[in-house]
Structure formats: C-alpha cells, structure tokens
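Here the structure is laid out as structure tokens; the discussion comes afterwards.
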Amino acid sequence: MDLVVLSLLRAACGIFLVAAIGVLYPAPVKAQDDPLTGLDAMLDEAAPEEPLRVGVGVKITQITGVDQRAENYGVVARVRMKWKDEALAFDAEEVGRSIKTLSAKNFAEKARELGVNIPAATIENQQSRSFVKSATVSWFPDGTALYNVEVILTLQAPDFDFRRFPFDHQNFYFRIIGNAPTDFIQFEPLAEASGLGDTLGEEEWVITNYWTEVDEAEGISGFTSSRFSLGFSAHRHLFYYWARIFVPVILIIIIGWANLFLEEYRRRIDIASGNLLAFIAYNFTISGELPRLGYVTFIDSLMMAVFVISVASVVYNVALRRLSMAGMEERARAIDWHTTHWGYPVLFIGTILVLRQIFFVESTLIAVL
Amino acid sequence: MDLVVLSLLRAACGIFLVAAIGVLYPAPVKAQDDPLTGLDAMLDEAAPEEPLRVGVGVKITQITGVDQRAENYGVVARVRMKWKDEALAFDAEEVGRSIKTLSAKNFAEKARELGVNIPAATIENQQSRSFVKSATVSWFPDGTALYNVEVILTLQAPDFDFRRFPFDHQNFYFRIIGNAPTDFIQFEPLAEASGLGDTLGEEEWVITNYWTEVDEAEGISGFTSSRFSLGFSAHRHLFYYWARIFVPVILIIIIGWANLFLEEYRRRIDIASGNLLAFIAYNFTISGELPRLGYVTFIDSLMMAVFVISVASVVYNVALRRLSMAGMEERARAIDWHTTHWGYPVLFIGTILVLRQIFFVESTLIAVL
Amino acid sequence: MDLVVLSLLRAACGIFLVAAIGVLYPAPVKAQDDPLTGLDAMLDEAAPEEPLRVGVGVKITQITGVDQRAENYGVVARVRMKWKDEALAFDAEEVGRSIKTLSAKNFAEKARELGVNIPAATIENQQSRSFVKSATVSWFPDGTALYNVEVILTLQAPDFDFRRFPFDHQNFYFRIIGNAPTDFIQFEPLAEASGLGDTLGEEEWVITNYWTEVDEAEGISGFTSSRFSLGFSAHRHLFYYWARIFVPVILIIIIGWANLFLEEYRRRIDIASGNLLAFIAYNFTISGELPRLGYVTFIDSLMMAVFVISVASVVYNVALRRLSMAGMEERARAIDWHTTHWGYPVLFIGTILVLRQIFFVESTLIAVL
Amino acid sequence: MDLVVLSLLRAACGIFLVAAIGVLYPAPVKAQDDPLTGLDAMLDEAAPEEPLRVGVGVKITQITGVDQRAENYGVVARVRMKWKDEALAFDAEEVGRSIKTLSAKNFAEKARELGVNIPAATIENQQSRSFVKSATVSWFPDGTALYNVEVILTLQAPDFDFRRFPFDHQNFYFRIIGNAPTDFIQFEPLAEASGLGDTLGEEEWVITNYWTEVDEAEGISGFTSSRFSLGFSAHRHLFYYWARIFVPVILIIIIGWANLFLEEYRRRIDIASGNLLAFIAYNFTISGELPRLGYVTFIDSLMMAVFVISVASVVYNVALRRLSMAGMEERARAIDWHTTHWGYPVLFIGTILVLRQIFFVESTLIAVL
Amino acid sequence: MDLVVLSLLRAACGIFLVAAIGVLYPAPVKAQDDPLTGLDAMLDEAAPEEPLRVGVGVKITQITGVDQRAENYGVVARVRMKWKDEALAFDAEEVGRSIKTLSAKNFAEKARELGVNIPAATIENQQSRSFVKSATVSWFPDGTALYNVEVILTLQAPDFDFRRFPFDHQNFYFRIIGNAPTDFIQFEPLAEASGLGDTLGEEEWVITNYWTEVDEAEGISGFTSSRFSLGFSAHRHLFYYWARIFVPVILIIIIGWANLFLEEYRRRIDIASGNLLAFIAYNFTISGELPRLGYVTFIDSLMMAVFVISVASVVYNVALRRLSMAGMEERARAIDWHTTHWGYPVLFIGTILVLRQIFFVESTLIAVL
C-alpha cells in the first residue's frame, strides 16, 4: 500500500466533502469521446473488484429559511459517513485505547501519509458558500471509520410546483453524490442518522414526512455516481394567506356587492373601477411571492377571473345607464334586480368552484379549500 | 500518554470550537442500529472512568440585531471554557513564570504534539458563518486551562411565540454542546463569566433577566452530549407600536365615529370603505413584521375584528339608506341614534376587552394593555 | 527538468484556476512599450515550439439567479480541463494501479516538487467571489491529466439587449481564458463535458440552445490568450408579463373607453388623469425591471405612447367642454361620436401596430406579439 | 528570556489583533469565584513589575456608511501600535541596515521563534467580519517596534441618542482593548497617528471634532484591561430633512389652512382626514429612519401633535356643522372666524415652540430650529 | 544581501498587495512627535540612495456596479507592477529557459528565502473585502519582474458632486499607494497596461475618457508615499431621467394647466393639491437616488420651485373664489384670463431658465438641457 495518493477533505474556508481517492477508489473521468484521447480502457482496469460501501446519513437540525422565489432553502445539517477500511485497523491494547478521533483536516493529512483511502463526495444541490461548524473523523480497531460534519449551507430546490399555491405540497432534498463512479463507491442510507430535528425554526411550512433514497446520477467525473438523498415533504400553514389575501379580497367583493343595493349606476362604476385597482395591487403582492413562472397557477386564475368580472361590471353598469338614459329605465331596473339579488354572488362562487375543479380535482386539498 | 491523537481548534476562516478528543474523551458515534456494524461495545470500552468536567461561561457583549421574521439574532459574545488536565501542568520555577498563553490555533498544534486533550464543543444553535475576533488558551502550573474566545455570529431563536405580539415576552439562548457524549465531557456553568454586557446596542428589546442551564441533548456524534445554555428573557419597548400602529388606527376609528354625526348614509359608506382599505394597508404592515405563522395572534384578531366591523358598517348603512328610501326614514333615524351615541364606541371597546380576555388573561401584561 | 518553477492552483478561500506555468508555458507579459524596458525579445525566446493543447469543457448544473439590472447571473458549474504531459506518465504495473488522483491543491504542490506544468487559466467574466465545491486532478499512465472542478460563482452578462423586452432573446457566456499567451496554451472544446444540466432551477428563462466557442482575447499578461466559451441562448416565459403588466394596462384602457360612453366631459377628464397616474405607476414598475439604459425599448415606447394619448385625452375633453360651454354642444357631440365609437380603440391598436413594426419587423417574435 | 510562549497576530482570513502574551504580559483570566478553582494567587505572581506601555493611534480614512437603525457604522482605518522591547534590539552595523520590516503574520512567527512578546489587543466594538488591507511590523536597532495595519470593518455605535433627531449630535468611537489586564499592558494615545482623513466619503454627517481617550474596561480575560478610544462627534446635514420632511409637511398644513377660507365644513372634514392620512404616511417614513426606540423623540412628538390637531379639526368641523344644522349658523360663523384668521396657525406655531422648549432648551440647536 | 527581511504578498483570503520591504525599501513610520521616542534619525539612515522605480498599470475590465448613494463602485481590474531587481537576475542558459513564473504567494515565499525585495503597496480607496482571481509574478534573466493580479473589489468614490444631477459629470479613481515612503518607492505609470476594457457591463454611465496620475499622499506608515491613480470621467445616459421623471412631471403640469381652462376654482384647488402630493411622491423618488447631501442640487431646486408654485396656486384660487363670492366675479375673471393664457406656462418655463442659469451657466450641458 505504498505510494497511495490521496485528496484531502478540504475543510479550509468552508469547502466541504472533497476527498481524493487513491488506489482502490479513484475519481476517473468519462472522456472517451473527446478529441484528445479515450480513457475507457484505463478506467476499466482501475475499478476495484467490488465498490466500497459507504453508509450515509443526513440529519437537518435547522431550516434557516425557504426562498421560494430563488427556489432554494437554507439548512444546518449533520452529515455522517461510515465505511470500513482494513488500513485503518489498529491494535487497541497496544495503542492503549479503543477509539481514535481527528479533525477532518488532520485525518486527511494523516490518511495521506499512511496511504489510507477516503470516500470523496460532494453535496450535489449546494448553491452557496457553506460553513463547516464541526468536522471530525473517528475510527475503531476493526477499521470502521465515521466522518461527522455539521455544515451550514443553502440548497437548490428546483422541484417547486406552484400550480396549487398556496395550497401546494413541495418536496425538498439534501443530495450527496460520490466523486468516483458507482463501480468505486456505493452509498447506503444510514436510517438512524437521518431525519429532521425538533426545533427547525421554520414557521411557514408544515413538514409531513421524510425519507432516504439512494440512486445514481452523473457525477463530477462525468460518469454515473452513487447518490444519497434525504427528502422531505411539506405544505404551508394557510393562516397567513387567509388573513392577508383571501379574506381582504372577499371583503372588497362584499363591499362591492353591498353597493349594488344603492342602485346608482355611476357609483357602481366607481366601485368596480376601484375594486379593479385594488385587485391589481393584490396581483402585484402575489406576484412578489413567486418566481416568474411559465405556467398558470390557481391564484393567478383566481385574480384573472376577478379582473374580468370587475371589468364586465363596469361595462354592465355603463350599459344599464345608457339604457335608462335612453328611456328604458324600467327594463334596466328589471335586469338589475337579478344581478343584485343573486347574479353577483353566484358569479363569484361559480368561478371559485370551476377553478377548484381544474386545480384540485382528485386532490386531498379540496376539503381545505 | 503517547500516541494521543487530537483534533484542533480549527480557527482558520472562522470555524469555531472544533477540538478533537484523544484517549480519554473521544467523539464516538451512535451507530449500533445501522446496517453496517454495531459500535456499542467498542464505545463502552472507550469511555473514561469519570467524565472531564469543563466550566463554561458565555458573556454577550453586543446584540447586533434581532430578526424575528427569520427567528434568529446576532451577537458578539465572549465564551470561556475552563478545565484541568495534569498533562498541562508545569514547574513555574523551572520555566521562570507562572502562566503560559497561546493563540487557540497554536495551542491546538502544541497540544497535538504533546498529546494533551482539548474538550471539543460546537455552538448548537449557530446559524451563520462566524467570525473569531480573538481566541487564546492560557494555562497554569497546576494544569488548569482557560480557553477565551470572542466571536461574532448569528444564533437561531426558534422558540419565538408571537401570540401576544407586540406585548410578547421571548426567551433567547446561546447553546454550546459537547462533541463527545456525556460519559466523556460534562459541562458546568461558570456563573461569573456569564451574562450580558452593558452596551448591547439593542434598542427594541428590554432584557429583563438571564440564567445559565446545563442539560443534555443529542450531539453531533448521535449520542447524548452535555449542553450549556445562556438564556435571557426580553420584552419589547412598546412606544413604537403605540406611535406607529395603535394610535393611528384609533385615530382612523375616531374619524369614522365623528362622521357618523354627519347623518348622511352615503358618506358613511365611503368612510367605512376607506377605513377598510386603510386597515388592509395596516394588515400588510403588520404581516411584514412577523413570519408566516400557523396560529392566530392578538394583533391578527384585532385587525380581523376591525375588518368585520368595517364591513358590517357598510352593510348597516346600506340597510339604513334602503330603509329611508323605502319611507321608513323615522325608524332609520331612531336606530341610528343609538349606534351613533354609544353603539359604535362600545363595539370597539368590547372587542378589545374580549381579545384581552382571550390573549392576556392571567397575564402580567393586562396592566400594560 | 530540474528547477522548474510552478504556480499553484490556488484553491484556498475560493480562488479558482490560477496555475503557474514553468519552463514550457510561462505567463509572460506584453511590456515592450512602457518606459522601463522592452521584453519582446525575451518572450520570443521563451515560447515553446508548439503550444500545449488543453481540452476544456463546462457544464452548468444550476442557474442560481439572473440579475438583469446588474447584468450578471449566478451558476454552479463543472469545469473540466484535459491535457497530456509526459512528465506525469508513470508505470502502472510498478505503481500497482492505473490511475492517480489528488485534490487540486495537493496536485499543485506535488507538481511543483516534481517540476510538472499546469495550464493556468482564469474565468474571464467572473464577477464575484467564487466557492469551490470540489476540485481534483486525476492522471493516467500515459500522462493524460484531467482537472475537474465544481464551482459556485456569478458571471458578468454584459451583452444584454433589452430593446425588445420582455420579448427579448439573450445570450449568456461562461468564458475561460488562459493566463499564458496563445503561443503557449491553446484551448480546444470538450463537447461531451459541456452543456447545461436538467434541473437548472431557473423558472423565468427558457433556454433554447447552447454552443462552445474557442477564440482569442487579451489575457492577464497583456498578450493575446486562447479563450474557451460556453454560450447559451434564452428567452423569457411571457406569462408573468401578460398577467402583471399587459392585461392590467389593457383593462385600465378598456375602463377608460367604457367611460367615454357616459358622455360627461368632466368625468372623462378625471378618468384620463387617473389613467395617467396609473400608467406612471406602471412606468416605475417597469423601470425597476431594467438597468438605466441609454436607448429606447419597446415597452418604454409603449408607455410613452399611452402617456401621450392620456394627456391628449384630457386636452381633448377640456376642448369639448369649452366648445359646449360656448354653445357649440351639437358640434362637440358630433365630434365625440366618432372618438367614442372607433377613434379611441383605433388609436391604441394603431400605436401597437406601429411599435411592432419598429421593434419586431423581420422578427420571429411578431407571431408572439 | 527563553521558552517564551506567544500567540500570533492571526491575520489569516481577516482576524485582526490577537496576539498572545508570554512571560511578561500574559492574558490571565479572572476566575476566582467560579466553582472549580481560584486563580488569583497565580495571577498576582505572574504580573510584571511594571506594565508594558504601548502607544496606540487610529486614523479613520474612510467612513463606508452609518446605519443608525442597526446602530453601527463602517470604516476603513489605519491602526498603529508602538512599543519598545529590548529583545527586538539589533546591531545596525552588523546587520547592515537600521530598520527591519515584516508582514504581521511573519513577524508573529518570527517573534514566536525568538521568544519576543507582542502586545495583544482586540477592537472592542467590532461588529462584523473585518478585512485586513495591509498589516506590517517594523522595528529599529533600539528595540522600538511599530505595528501598522489598515482594516475595513463595522463598528458598534450603541450611544446614539435620537431624542433631538434630526437635530441630534452623536458620538462615534473606535475602541481597542488589551487582551491582558492593566497590570500587564497600558495603552497611551499616539496623537499624531490619530484622527480622521480628508476624504471620508460621508455625505450625511458633519464631523465637528475628534479626540483620543484611554480608560479601563473588562477585557476578554474577565479582568480590567486598558482601553484606547478614538472618538469623534458629528451632526447631520439638515438640508435633506428640510427638503423631504419639514417643508412638505408645512405645505400640507398651509393647504389645509387655505381651505379653511372656503367656509364649507364638509370640505374641511375631507381635508383634515386627508391630511391625517398624509401625516400617517410621513409617520411611517420617519419610523423607517430610526430603530424602534423606547423613548419619545422630538419628531415623534411633532407628528403626534399634528395627528391630534388633525383629529381635533375633524371633530371641530363636525361640531360646527351640527351647530349650523341646528340653526346656530351665526354662532358657528363667529367661532370659525377666529379659528380661520389666527387660531389654526397659532396652534401649529405654539406646538412647535413648546416642543422646542422641551427638547432643545439650553441647547445650541435652538438657533438652528 | 543576507538577512533581508521581507513581508509577503499576502494573497490568502483576498488580501492584496501587502509586501514588506527589506534592506532597501522598508516601511518606516513617522513617529517623531509622539510621546515615546523620535524615529526620524533612524529613518534617515535607512533610506536608499535612490528610490526603487516601479511601473504601475491598472486596466478595469468590468464595472460591477455604481452605488452613488454609498459613493462607491465595484470593479474587476487587472493590476500590473513592473520593477527591476538585480537579485532576481539569473543565467538563462544555465537554467535552461528565459522566464520564470510563480504564483504571487509562492514568489513571496521564495523571495523571502532568497532575500529579494518586493515593492509593497495597498489599494488606497478599497472599501470592501476583495477577491483575487489570479496573481502571478514573472521575472526575466536581467532581473525585470512583473506582478500581474486580477482582483474583484469595491472602491470608494468620494468625489461625487451631485449639484447638476442628473446632468452631472463624475470622476472615478483606482488608487494604489506604496507602503514605504517616497524616498524608498517611486511609482511610474505603465500607459499600455492602463485603461478600461470593452465590455464593462455598465449601462447607466457613458465613460468619456481616462488618464493616469502619479502623486504623493500620506501612506500607511504616516509618511508621504508615492501614489498611482487611474482616473476616468463619466456622465449619465439621460433617457431614464427623461422617461421616468421629467416627462411625467411635465405631463402632470400640463394636465394642471389644461384644467385651468375649466374655470372652476374649487376644481383647480383640488388639482393643485393633487399635483402637490404627486410632486411630494416624486420628491421621495429623487431623494432615494442620492445620498443625504448637505447642499442644494438642480433637481432639488426644481422640485422646490414646483412645490411653491403648487401652493401658490392653491392660495391664488382660494383668493379668486373669495373675490367672486364677495361679488367681484368680473375682476376675478379678468385676473384669471392672464394666468390661464400665459401666466402659468411662463412661470414654469421662467423657473427652469433661472435654474439653468444658476446651475449650468458656462457649462457644456446647457445644450443638453
């Protein structure tokens, strides 16, 4: 085991899990099709008989924020990696103790000197500079090694689907991918070391469940690497949206309806125009909540419907007024009776029911709405 | 005491209290239930006969800000750890002095060379990159060591309860947790080295008292570790909320009441509608103060009540107008006399009293309200 | 090959691709015209017989944000560089394996000791502090070396042309330039290692295609260096702009038109003035979207036209009112009939058609508009 | 002087002035009252016969910003420390030069090797990560050493008193505190190296004078340490506040007064209500300027007074209208004549005079107001 | 040349150009007047016979942003320093090549070992943490050395004069100052290596010309040091200001004028009051553009004039109405005819001409206005 070359767990200045792989578990690169030279044959020779099996666990202890416009979220997480390497074994009696511990940085240096391998990995969906609160490696007489790191970072959450916003359910992931291909390193979930803490400090979201996955994805080498994911599912507390958006909009609509009973067409036009401006303001408020999507959401449809009803309302009242100015006052009154007494509220309720059918059908959220 | 392996106080680039533990106080990991191998037996052997007792003190010298929406707060704090290790003892006469001092980084290097142990710990609720202003270790002939660090960082404050906002009392914590389990390291509070400074630079909160706690929590190793907490309790200066929210809202309500004396129903409808829009604006102002909670706060209830009264006011005046248009002018006037002369103010005051009963009963804040 | 001097891949604290070039590929500087001394002759001697050919590939895995006001965008990208250096060759049998891997930092140190060269490069349009997630070098028995780095950074996008905003197409680039002149290092694209990932996390833009380029530009040395670029082209999802800007503006215009049918000049003046203020508010909303340009965009022209029509509308109605006050009521009505029934809508539609002709003629976007 | 232990000026990653003190000037800690052990006796022995006298100067070259809400301000400052240590003396002729210079980091390393002491200090009110532009130590044949550092950082300014805002004078400090107690290190001001530069780049504040202080405060060791302070005093340019707040508010009040001459009570009620809303908007503008204080400021009182006058104005006009509706038109007119012709302006001017008396009496600012 | 002591180009973590000077070019400090000891005599002896001449060039390749409120701007810049030191000379034939290159950090280490000097300098107006993209030193057989660095940073721009805003011309500087006094280091501009790149990515400003300067200023040592400056001059693209501020304000004024033709005094008062509120809103918009200045700008004067005209307008119309109510209807009409037909526009145009005279006389901008 001489001349083994290792990359280090580069902890300096927040770099995370970059360990180099030596003899058995290198980080070869898929390069056969590029113009210079093919490397496939070389890589086939380099692969070990069996991949190193590395247990991975991720426990999220804090959620520092969810930025749904930028589609990312911040966490403080404890990552554990566990593997067994004969080269790390030692005689407990001779050494006088049955456990050895080093900071990750010092372990990497020591491993390099001794020619021991470290399974290298990267947090796949990391989106910002990270900060390592603590990073240590402990190992035992039988060669079992445990890498424990606590890290603060921001993770990409590209899977947001806002179609049912704010009644949406979203999945979040913390993904760790091996630097070396699947032939070299194979992840296995450490169920016990995975999960979410008790005091996440997240008020807006209700986390319903979490799970671990191991699959494969293209790694930094260009080849398929093993990938561990901690996923969790969450929906929103809805009180905010009822108190700040839905209730005020309903109140404005009720005021509009109440004014219909005053039977002055000019006044109604003013009210409907005013409502339209208020709804435009709400439209902007809502648009600030979400990224600039390429698809229509429930709440967009709702606001659009309210817009159209407000404009139709103006046109309707102008028409009534012209009718009554043209001497058909009686006729106008008759039409208006129906609008006032059931047309206006039925139109709004019908619109909401149609949108519910479109966006939430076969959904468990129908009850909530 | 040869061959002791140490992790370092990794100070480079702001990493804080990550010390590795050698022979006596390693950072073993709870790993017995995971699929690879059980480590319990190994860990039992590794524990020392008695845990290392480490005195911990935290003095907060500056509060750089409280972000209640993100549920965190920033501090500049002086942390002191004190422990005794025979291996650090020296002969003062021989050395020619009775104290030795090193920067934390150099001490960690020296300790590693000499095979001396350092009690490793992490700031549990740290939420952002930290910055170390100063970090030194001093030790004395009898082997007593003192670690002094001054650090700038942001701490999670996940325990905020905004139900009584802005009349709420909140607890804040600075928590330090050992990297090794309770069998290895046991914290004890250093009362004298703990507390809050005189010029915290925090204008919004009134800090009423502070305390230290030592309990146990799951550490980075997955096992139960000893945890030191400096807690402090605070409530808000209320002047801001009276001057910017309560007084203006009361003034708008008074203006609304004064207009009732003008006895024109149309005008009152305008006033009530205008009030509703003003209250919606205040609603947004208040919602920007707090995170998006899943529960109802006092101030939410208050705004909701004011909304409902405003809408009821519009409906009431429309009804009165229709009454008087239908020839029942006399009746409308009679009803209105009572509303104007005592109904309107009694409704508002009654609402506030009910909300006080719900949110502040058995509370020392009743007097304040 | 003794006494070779190397610069290192300075990875510490996020510095990226700064490798020094030794005997064959130095980073000389163009300095012949400055007052101290000419260096041209020296540089001519220093150039190798043939430049080192380095394959470069860039794969963007995340787009963290596009800030069109600051004209930059954030990415997470995997950069691969591939070259062949006899000095790195080793005997696989003797060493016992057919691949060697080191972290970039350790490779640079090792290369310096062994006197091996590293092709130095800089990300030309990098605009912010970068963060290296992972950086390794692998090499093979024949001396082929592969540098793999995953980096988080912000890139300048100075080529934005907002003339057709929000119907604009934009090009974005990731540019890598050699530190040494073209005589020393020559880039070649690695097609397979270039491109864009599947989950970029960018909601606003639709990326239509990407390409790689190699050209030459002035490098840090002042001489012409080889430059690799990954470019991609994108246009916007338009739903946001229709829902938040165009539809509300159209609705306000329709309300203005509906009010013309009420045939009161005073009221129309109010409506036209109100519209003007609403359009000024929209004007500010739009101006917050874009940097402060030195040229006129489509949307600026549109808002300007709407302004002018609103002001003309006020003047028109004042004139009509004066006409009717001066006893020419009949004449005013006649003129107004045409304005109301076809003049107002024709004016708006005509304006839009003219602007389309000016900004989008010979454009594939005409259909979209 | 052998076996001296030194902490280093830890410059890496922006840490500033953390030097450890060896034999003569250690950083002992006040720990006598804590439960583990008393250290007082040990510390008494450790103190040198006379404290090291260190000259300190601070020159602020740039003010990058004043954030009065967060109560801090950013500076670029040049700090100089000067002291004399026989151990640094050298023979100029033998060495061949009469000055030696090293970067602070290298000096600390060299000092550690040679057993030379460095006076350790911390910037007491530093509130953010700092950035060191340059840090060098020079020393001379007689052992005089000079430490020069230029640093970018944010400093706490907890002494803000906004009672007279925006006519307030504020004091700002740059405080340096020794790590070791007063028995070990004693600061002395270097007048010439202290002050403020010519191009601070601060537009809002007028700096009137500066001074240096040396006092004592609790240091990081828990004992009393020597503290150097550069203080400076500043007041605001008032043009902004006149142009953006006072003049517009006065104009709104004048418009309100002018409308009193129109002698319509309904109209006046509208004006007074509108004024109230405008003043509420200004109230929010002003509240955004200041932190959430626990005390009343001049400008708060002013806005409150204006609020009360506006509400009283509404009630007054409602009363007048009811009077005139009740047939006492004549009486109402008589009362109103006085209000219109002198009551309204006298009320505003009187209010301002009273507030001036309360907030600015015995103050040099009376003239300004 | 033995025992030369050098400070290093401290590149770690973004520190820039801090090199220490040894025998010939030390960084002595002006300390003669402080209470401890005078150093003048010592420094006189230390100065070399002739200062080291260092060529300096700065090329700005990107402008990342101009923040005129904070009075700073961000750049990506390539800095080159060129000097000649016999101690760096080598025999090209013996070494086997005619150029040597090292990273700045490694060069500093090597120089320290070999006893070679490095000219130390600091970016004088740097205001934020910097990030070094690339930093190398190359040297040639004759001892000519070239230091090339590409750096991202924020620079103070304290010379902004906003009196003519937005028609202002501003100067920006990139200043490099030697750490050692003028007797030791003397800068000379490298014209060819200085200037501004082609794709600066700055949309708002038009850069008209640039120049290099060498002068003297107080350095970090407290003595006069040589200072190199790259300056450039710029003015603004004015389209934004016309489209967002001037044109809307002119439109509001035109609407106000048009309403004068309606000949109702009450209505005019409403319009003038409404205009005043709109102008107050614009006033806030403009104030957000600039820092809080201590002097009056063109645009402030303009807004003030518009304020005064609006208030005068209200008073004028109240007076007219009282005139006509007092039976002098005829007189009021006569006065009003002149105001409406030429007074109002002449007042505005006259105001603008007077302000132009005050702010832009003898200015090339008159044509633009």
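Quick notes
Chains here go by letter, A, B, C, D and E, matching the order in which they are written, and residues are numbered from 1 within each.
Note that in this section a contact is a pair of C-beta atoms (placed from the backbone, for glycine too) under 8 Å apart; a residue touches a chain by one contact, two chains touch by 3 or more.
Model, not experiment: these values are computed from the prediction.
Counting every residue number used by either copy at the chain C-chain E contact, under half are found in both chains.
Chain A and chain E have CA centres that are 41 Å apart.
Multi-chain contact residues of chain A (touching two or more other chains) are listed as 12-14, 129.
If touching chains are joined by edges, the resulting network of the protein chains shown is one closed cycle, each chain touching exactly two neighbours. Each chain touches its two ring neighbours, and walking from chain A in the direction of chain C yields A, C, E, D, B. Residues of chain B touching chain D in their complex: 11-14, 53, 55, 57, 62, 64-65, 76, 78, 80, 82, 84, 92, 95-103, 105-106, 129, 131-136, 138, 140-142, 144, 146, 148, 150, 152, 188, 190-193, 199-201, 203-204, 206, 236-237, 239-240, 243-244, 247-248, 251-252, 254-255, 258-259, 261-262, 278, 285.
Residues 2-3, 5-8, 10, 12-23, 26-31, 33-37, 39, 42-43, 45-46, 70-72, 112, 120, 122-123, 125-130, 156-159, 179, 220-222, 266, 269, 273, 276-277, 280, 283-284, 287, 291-296, 300, 303-304, 307, 310-311, 314-315, 318, 321-322 of chain D touch chain B in their complex.
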